[in-house]
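For reference, the structure is listed below as structure tokens.
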Amino acid sequence: MALATVGLGAETKAKIPKVAGAGPRSNGVRQFAKALPFIGPSMVGVALFLVVPVIFVFVLSFMNWSGAGPFTWAGIQNWTSIFEFDNAAHSLGVTAYYVLLNIPLQTVLALGLAVMLNRKRRGMAFFRVLYVAPYLSTPVAMALIWFWVFQPQSGAADRFLGIFGITGPAWLESSLWAMPVVAAVNIWQYLGFNMLFFYAGLQGIPPSLYEAAQLDGASKWSQFWRISLPLLNPTMLFVLITDVIGSFQVFDTLYVLTSGGPGTSTQVMSIQIYNVGFQGTRYGEAAALSVLLFGVILIFSVGQFLFFKNRTTYEY
Amino acid sequence: MTSVAIPAPVKATTTPTSHLAQKAFNAGKLTVFYGVLTVVGLAFIVPYVFAVFGSLKPESSILTTPPWVPPMHPVWSNYPNAFLSDPQVATGFGRYMLNTAIVTVALTVGQVFFSMLGAYGFARLKFPGREGIFWVYLATLMVPNIVTIIPLYTEMHYFHLVNTYWGVFLPYALGTPYTIFLMRQFFKNIPQEVIDAARIDGAGDFGVLTRVVAPLSRPVLITAGLIAFVFSWNNFLWPLVIMGSQSHYLLTNGLANFNAGPGAAGYLNLEMVGAIITLVPMLVLFVVFNRYIVRSIQLTSGK
Amino acid sequence: MKQIKWLPLVASAGMLAGTLAATGAIAPPASASPTVHLTYDLWDPHEEIGYKASIAQFEKTHPGIEVTVNDVAYSAYQTKLQEEFSSGTGPDLFWVNTPWLSTWIKDGYLLGLNKYLKDWHVNLSMYYPSLVKLHEYKGVIYGIPKDWDTIAFFVNETYMKAHHLTVPANWTWNPSNGGTFLQFLKEATIDKNGVNATSPKFNGNSVATYAVTVPNAAQTGWENFWQMDGCHVIPAAWASHVSFNTTPCYQTTYFLNELMYKWHVAAPGTLLGSNGTVPNSQDQALFASGKVAMMMAGDWETTPVSELVGKKFKLGVVPLPAGPKGRWSVFNGLIDGVNPHSKNLKQALELERWLGSPASQKILGAGGYIWPAVKSLDPLFAQYWAKKGINMEPFLQEAHGNVVNWPNTPGMNQGLTDMGTTMGPIWLGSQSLSGVTSILQRAYALANHDLQAAGA
């Protein structure tokens, strides 16, 4: 933003009205009162819809509620129930499996595409725009289309394989393939978006670094590994953390494609929270599952942050 | 650096030395390059094509013809049919779209307006506890969405807002920390002199905001509006949880519900219609506001 | 500067739109203003046609009452009602299915009707006694029975004739050798080379037509077989625990798995939708397209199935085979629940009275929509379908034989859902008897937990 800085002389500064007030404390109250109309609404929103729920979910995990009727105290019963009856450990494992299927591949592909498009060739902008198109596309709508693609026999996937004489597996009904399909759909949806982050990061690296390395005889691959990658550490950190946190919460695509099935093979934590809470009407247990998920995500984000923090290099 | 006197050594690579062969090799590399990009691009286009084709096929051929084959006789009536469905109960996609539009407009306007107010307060007003309160806002960004769904639903039950429009957009319409964070950065960068000039003209806090800060922040306001609009349009879990009646469904849970009923296996063509109806506004937004979307991504990554 | 002037305007417009929406001012246009407006929720679009005809009669005799019929997807029904009751906007009258019955009684969604039944001089003996009892708890009756259904097999008679097959009358099954039931299923299953399953050359991985579909569902699937071998989901109505942890349960379920994956005579559950629970009536599509010769179904499916089949083949009905404990069928019936907090309680009760009356049930029975709960009206339904060439007698025979209710106890709906998910692998692949046993034991633990959590 190019803003013309207006130079004000001392005389004009003196004419700027000051906030009137007697002493420091009433000054503070006054200041707060003046600020209230501005920060008030968001304070109400944050308090009611963010702070209170975070506290309440902890409390609720020690209570019982069925969606109607009274709240009753449950002690730690919910915390044992979620492991004994609600497949908490299994769901965590399935979620971790999904993250493993989704993140490494998506990050590598996004980085690869960003490197490819980081050239001054014709059509680069077009491809960049094209790849990002799925980002805005309503995940539920896309999931419905992919659901059709992976329908046994009549869907595009099986028909395509059929051209080569291969009988496709039951895809979404196969406990082996269901999760990879879900991961693939998610990669398709967010690949372009992540690519843009890496692209922005690459664009921020001064070309002089590459030129110097070129003159030293470094190959393109070596340049990538020794220059681009280390300097992309902040971007990588950001992308990985947001993607992992996002993956732990995957819901829309999964709900439409498999709803946790077949059996419990794609029953990630978010689906279980939904199932236990809104189908099973055991809101206390669902709250406990939510807190458990929150804890896992926090551990992950902190761990990821620390890992990359020590490796970030900024000097160049 | 290499000394000039010694002639450059022959590179120990497999690059052919003849000029023509070099050109051919480069052309080959270029073809592979664009080839890869095109194949990837196809992967991104193909689902939309399938959906458009499928939405125009009759029930009899949606399962029997390959999805990449265009419909022989496009059934254009699929679209108005999906819109209307059951006029008396009005649970067609027309109704879902109306519901989504209402909720999305309310959410977007509210979120942008109140975030603007909040961001201005945190950026340019001095008051006790400013940093502390803002830190609380930032802290809530660490809380994943799924974690608050259960307690939020319980709150809405208590307020009797379950299954209402208010229940869907209210949690997001009073300004959100993320949007406030984005706007605050911008507002902080506005030079004090410009503000002072407005104050000399007699503007109070609100006047400074409306006359100076907001117009100068048009890009971030538009970006925030886009973020809010897209979020609301695509939001699924919360509407799924809070909206029980079919007549209140938004596009997202209406779509998912379509796939849940008996006989849905035969309705795939209508499901594709629903998907296209939901996707078109987003794709239009994407094309029109492409610059802002890219900018929002850059803003988010802090570049 | 001028861009900002519209901002407060847009903000107010947005808030106004939201408020209008919330207060319901934006609503589908109403017809000429009636005195009282009732909402009536149901989930079956085929029966809906019959109900609309009956309600048209009601509106004629009750000018000043207009009824809006809401067709809600079955999978969303329970959630919808719970959320509407939560915000005080529940429908005036609504269908009640047995898995939700006891939970809704406990949560206060249903009005007790004893006083009104007395005032209306309703003669309860004209209804099937088990249905009246089903909807009674601690002496309070919560609805007038209005219909019933049992389970049997739809048969592709054209296919049977073409292969010179006749479904045996009085066929039997048992978990050890399958009885005449399994024998017939083998004869009726034909692979892509035209070889049937009795031959050693039969290729179970390349089947052209399966003999039967048995879904992963209580009402239209395993509960019937369980009962026939002495296995009960719950020991009695309103029980506090489930009871399907006995050997007959394991044996029978293993038998069903063998039908699909050992003898390949039943369509594999992978063709029956998520976990084999036919959420989108996949079995109807399979049957109508000729991929299976018989389909285990409830009589409410007659309308959609006959529409799907059309003129493709002749549709017939045969009763279930008899198991070691005889032939049993799940017998279910619905009521219309009355919302105790209805803003138009008086009119809602009028509608309840009408829909429970023989006059209304006559319309539904004679139109072929569902068996009426008034015993004497049964012939109407049978006659309607007899005229279309479909013999509905087997359903009626079963209703007069051994019947078991869909399990009715608080938390059972959640229990059935968990059972469906947990038992999914039994429908999706081959299992050993010990595999089936441990799966069912897991389902047993989950179902018990659901019942306890619901305060059964």
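Residue numbering begins at 1 within each chain, and the chains themselves are lettered A, B and C in the order written.
To be clear about the criterion, contacts are C-beta pairs under 8 Å (C-beta built on N, C-alpha and C of every residue); 3 or more make two chains touch, one makes a residue touch a chain.
Bear in mind that the values here come from a model prediction, so they are computed numbers and not experimental data.
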Those chains which touch chain C and also touch chain A: B
Contact-richer chain pair [B-C vs A-B]: A-B
Between chain B and chain C, centroid-to-centroid distance (C-alpha), Å: 40
Approximate Å spacing (C-alpha centroids) for the pair chain A, chain B: 13
Of all residues in chain A, the ones touching two or more other chains: 67, 278
Set of chain B residues in contact with two or more other chains: 157, 173, 259
Sites on chain C at which at least two other chains make contact: 79, 82, 86
Chain C - residues contacting chain B, complex: 1, 3-4, 7, 10-11, 13-15, 17-18, 21-22, 26, 28, 68-76, 79-84, 86-89, 273, 279-282, 284-285, 304
Parts of chain B lying in touch with chain C, wherever the complex brings them together: 86-91, 95, 98-99, 102-103, 105-106, 108-110, 113, 157, 160-166, 169, 173, 210-211, 214-215, 218, 242-247, 257, 259-266
Chain A-facing residues of chain C, complex: 79, 82, 85-86, 106-108, 270-271, 274-275, 414, 417-418, 421-422, 424-425, 428, 445-446, 449-450, 453-455
Touch list for chain A against partner chain C, complex: 64, 66-69, 81, 84-85, 152, 170, 173-175, 258-264, 278-282, 285
Of chain B, residues touching chain A in the complex: 1, 33-34, 36-37, 40-41, 43-48, 50-51, 54, 63-64, 66-68, 114-115, 117-118, 120-122, 125-130, 133, 136-137, 140, 142-155, 157, 170-177, 180, 189-191, 193-194, 196-197, 199-200, 205-206, 209, 216, 219, 230, 233-234, 236-237, 240-241, 251-253, 255-256, 258-259, 268, 271-272, 274-276, 278-279, 282-283, 285-286, 290, 293-294, 297-298, 301-303
